[in-house]
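Two complexes come next, and they have one chain in common, chain A, joined by chain B in the first and chain C in the second.
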Partner chain A sequence: MAKIKKFFRYENVGMLFVLPAFLYMLAFVGYPIIHNIILSFQDVSAGNLVKGTRNFVLFDNYLELFGDSVFTTSLWNTLRFTVSCLVFQFIVGFALALFFSKRFSFAKPVRGILLVPWMIPITVTALMFKLLFATDIGIINFLLRSLHLIDKNIEWLTTPGTAMFALICANVWIGIPFNMILISTGLTTIPKELYESASIDGAGKVQTFWRITLPLLKPTIESVLILGFIYTFKVYDLVYVMTSGGPVNATHMLSTYSYKLSFEMFKYSKGSAVANVLLVILLFVGVFYIRATTEGEKE
Partner chain B sequence: MDEEKRLSRKKNILFSVIAVALFCVLLFPLYWALITSLKTEQEIFQNPPTFYPHILNTKSYAAQVETGDFNMFRSFANSFLISTGATLIAVLLAVPASYGIAKYRFKARKVLLLSFLVTQMLPVSVLLTPMFIMFKNMHVYNTWVAAVLADATIGIPFSVLILKNYFASIPKDLEEAAYLDGCNKFTAFVRILIPIAKPGVMVCAIFSFLYAWGDLAYGMTFILDQEKRPITAGIFNFMGQYGTKWSYLTAFAVVTIIPVALIFIFMQKYIVSGMTSGAVKG
Partner chain C sequence: MKKRKLAALLTAVAMMTGILSGCGSKGAESAPAKDAPVADGAFAEQESAAGDAQLITIWYYWENEGHQATLDQLIQEYNGSQDQYAVTAKYVPFADFKKQLSIGASADELPDIAILDSPDHASYVDMGIFEDLTGKFNVDNYYEGTVNSCTVDGKLYGVPFGANCLALYYNEDMLTARGVNVPTTWAELKETAKALTTDSVSGLAFCSVQNEEGTFNFAPWLWSTGATSYDIDNENGVRALAFVQELINEGVMSKECINWTQGDVMNQFIAGNVAMMVNGPWQIPTMQSEAPGLNWKVTLIPKDTQYASVLGGENYAVVNGGNVDGALDFLTFATSEEKVKFMMNQFGYISADKTIAESQFAEDSPYYPFVEELNYAMPRGPLAEWPSVSDAISLAFNQVITGTATPEEAAAQAQATIDGIVN
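This part shows the complex of A and B:
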């Protein structure tokens, strides 16, 4: 008893404060992760999920994935979806951040309101974009028809290529505010004097952007892109609500395919294996993020 | 040189006009959903489409109250209960945890911090099946408790990482003055530090609430009965059954956005600080 008391004197008291949250996360996140890894090495279906004996099949579930064309499509889809979203939301977000850094009357209030898309439940966003991209009543088809770019309505969500395009549009819409606000904050950290001395030295606007703004924003840009990658790569709700992976698996992502395997086909172990592949890729990218954030901390 | 600070009158007007145009384009999806919910089904299918409801139709809202078939106000109440529960757990656990991490230098500190950082990156897919089994064994499957327990795991790591910055920025002197006045570590934490970190606590509460409010995967997977499910799962179900009843669907969407809009209107400053400090720092 005395030993325990001695241990929690001074700095170690801190542990007592952290303990409840840590135990909670251990029970509801830590344990499930381990359990999910174990599941992926077993053969679990609806029959032996909660009760019953489970056999270990080692790497069978993972090996099966390599021959599964839906898995490879999902992996490829997740990658191209993530990269496309990152490129567009970053460029638009950056442009908006630069624009709103100018001090005009509406700058602050409008920039504030533009954050709303980021806050809206993704299910609702998915529904709104389904409406915009609807075949017969969709406003996007109407606009294209009015501009005489098409003469027949496009079936956006039931054609593989265009379905992916619609998903990317919706996700970019969510991502723009996030990129904009982080880059806006990054811009405010650049000392004004630098711009002043650059203009005294006769640097043009383009030159100032490439020589001052961009290099000084490097840490912000890094974290925006890494965080964006992590958030986008694990996309789930949006795809599940908008296309459910269809038409014919054409827009499945790793997350939606994992869900389909587990909760629609009841191949829990194979679903877990897909989820673990997703996890490994995220952790790999996450290492860069952790490195970037802990570098800044210097403790 | 002053160009960065003050724009000429002409430029001010030009930029403001561009800003309003951007606002209209970027928020168009929201406007479109709102007016669609107020149109009659007939008008929705009209070609060319109308850009405001010519005949105001509030039936899609009223019908939800009258017929019990698909009661969106019940799913709203479910979501509210689940999100409030998850927020309470997240804040109650994260406040002391972030204080411990910010103010004490114990050995496991870095590992703990890292583990909270990592949990923020986890995809739901990894947790769904194991949690499903766990909740079945705990006999909370198909109850709101399961969704609360699962949703809190999103709010906790976020809150810990945000609040630790708030606590770290409070000078040590304040705490020491409290000790001189007869406080111990726990009373100093409750009486002095928490009140100072209140804006941070607000950010955590708001984000934990928003995360839980927006959740679909947990609510849909751990709650089976439609009448117990959160509003997001309600919308999803509704879409499956009445896929083209756009006036009803968008009415559902508008009701789901109401709390988000209220939070935005009254607590905008917390949103900005949460998105920036929290996201950049983890």
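This part shows the complex of A and C:
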């Protein structure tokens, strides 16, 4: 009896609370990841998925990847896509958040409307942008032609360089509201008194921004950037619908290339190796995020 | 204090059981949902009437409602004709079909029968999930290409469901207005397309997406030169790639074709944005209902040195872990001449059985040219690694269309990839 009582001490009951989530994570997050890691060290293809022996080939799949030009392109694409998107959506999102933190009529409803891009399913957004950027029937070419900025239609989605630009535009459009709303929330946590006393001391707008707003927003900005990185880095549906990795593999991301290898070409092991590269990169970012947020809490 | 702890504990336990039972009941519920028949009501009746009939499951990927209703009708007739087996069908979207079969294969949750795209057949045979059907069906009268697509190492692993191929559709009014004739050679095709191209109309279009669908549409051009899918880096292969590049560079075909599926191409054609297109017979029912006033005809794809087209269509395959006897019984029923005729006419397909196909359509039917084209149609593969070969080919024509490589470079690169796969 005493033992049972001892077991149900406060901390142990806490562990019981964690248990359901832990088991859930183990089954639905842990198992697939471990399975995927094992798969990437084997030589599984159509021939031995069901029957036949699966040989362990250790790092062969990974070594093969680094000699594969489509893989290196997709790794580079994923990085530049993520960085470009983060920069633009952060700057515009920040500016909008500052703008809507001012009190003026319609500030709140308009800010609400700006959230719409974040709520639309990504497939819908992707189809919309695919039509906007279409060569002959797209409204973007129509506008540019009407303004006499171009003579000939730009082949946005069928030229490697511009296709990436179109993808970034679409993703920035989705990402802006996400950045705006998180930074807006961060702004409301800064005490008004700080601004009041700063203005009494004679600080200008620019000075207040650099000395008060930015330093106090640091934890928020860190979260926004890191979460944004994770969301953007694993982009899949947008690319799949808009370009499917084309033209000529120019816009393949790690995620789309992994899917293509596994489910279109039946190279399961190679596909899972690509997925694991994605996982390792995101794991680093994730660890960085946890460290950044826990440090923020300690302060 | 004690009470609070107890409450906390109880909550934790409740949450645990919630999760566990949640999983359990979910599993139980999803099982019948997975095998949901096309028509729920009809199936329920069947089940109660048949009692302990054995379940036979079919997977298919036709999104066309007419196709689904036709398959359902066939299944109901079969279920009504005997009480040993009860067949149900499950729709799996085409984009997910390969993935679902792969996942099903590794998780041991496969249907008893799959109706799958013919070029993928060999890959799944290689996976070892299909039953050897040699000697169980008489396929002597079938088109050679269709039988080859489900034959591996001399053994028959499936039964062709129906055949289709690509041919050239043309907008007759546009041709008449410009006073040009129906093209029969590549040179004529280019001239005709040039004459038909205006500011708002492209002379020619065919799907050039960088995947199996695109390879399917490029194959007739490649094969017409005498090149094969495995031997591209030669005069013939380069000529095919150069021809496609010329069509793009001279503006008679839109570069957007690399983003157009066959359905998109058909929509552009019936909207009057495209004067000629390469497409398959399955578009005919839609075209007739969406654009009844459009005056179009079908002819053979113009040739370089020989007429060529590509064979498409589905095959029935029997999965070897499932209820093989039941599956065979259903297939025997479904491949009888009467049923094949019924299915093919409803689908707008051409029978894979030569004798049925030749009497299937009247000479003035839009389907008729496809029967003629079928004589020149060759299958892709069959090869377990076909998806990789197809990927190399589709990369090559995308490179020349986008101008990122010359035909010579693209051909050499594709050949290097293909040699690495085949040899």
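Everything that follows uses one rule, which is that the second predicted complex is superposed on the first by the 270 of 299 C-alpha atoms of A that agree within 3 Å, B and C clash if a C-alpha of one lies under 4 Å from a C-alpha of the other, contacts with A are read in each partner's own complex, and residues count from 1 in each chain.
The definition used in the following text is that a residue touches a chain if its C-beta (ideal position, glycine included) is under 8 Å from a C-beta of that chain, and two chains touch if they have at least 3 such contacts.
Please read all numbers here as calculations on a predicted model, not as lab measurements.
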Which superposed partner A:Pro160 touches (first chain B, second chain C, both, neither): second
Which superposed partner A:Phe17 touches (first chain B, second chain C, both, neither): both
Touched partner set for A:Thr185, first chain B, second chain C, both or neither: first
Chain B versus chain C as contact partner of A:Gly246, first or second or both or neither: second
First, second, both or neither for A:Met265, with chain B first and chain C second: second
Superposition-derived comparison: chain B or chain C, residues of chain A touched: B
Partner chain(s) touched by A:Thr135 [first = chain B, second = chain C, both, neither]: second
Chain B versus chain C as contact partner of A:Val50, first or second or both or neither: both
Which of chain B and chain C A:Phe284 touches, first, second, both or neither: neither
Common interface positions of chain A, toward chain B and toward chain C: 13, 16-17, 20, 24, 49-50, 130, 134, 136, 262-263, 268
Residue ranges of chain B in contact with chain A within the complex: 1, 4-7, 11-12, 15-16, 18-20, 22-23, 26-27, 29-30, 32-33, 36, 44-45, 47-49, 89, 93-94, 96-97, 99-101, 103-109, 112, 114-119, 121-134, 136-137, 149-150, 152-153, 156-157, 160, 185, 189, 210, 213-214, 216-217, 221, 232, 235-236, 239, 246, 249-250, 252-253, 256-257, 260-261, 263-264, 268, 271-272, 275-276, 279-282
Residue ranges of chain C touching chain A (in the complex, touch as defined): 5, 8-9, 11-13, 15-16, 18-19, 98-99, 102, 105-106, 123-124, 126-129, 209-212, 254-256, 258-259, 273, 384, 387-388, 391, 395, 398-399, 401-402, 404
Complex interface listing, chain A residues touching chain C: 8, 10, 13, 16-17, 19-20, 23-24, 46-47, 49-52, 130, 134-136, 155, 157-160, 243-250, 262-268
Chain B contact footprint on chain A (complex, rising order): 11-18, 20-22, 24-25, 28-33, 35-36, 39, 49-50, 96, 99-100, 102-107, 110, 112-125, 127-132, 134, 136-137, 139, 142, 146, 173, 176-178, 181-182, 185, 192, 195-196, 199, 220, 223, 227, 230, 233-234, 236-237, 240-241, 254-255, 258-259, 262-263, 268, 271-272, 274-276, 278-279, 282-283, 286, 289-290, 293, 296
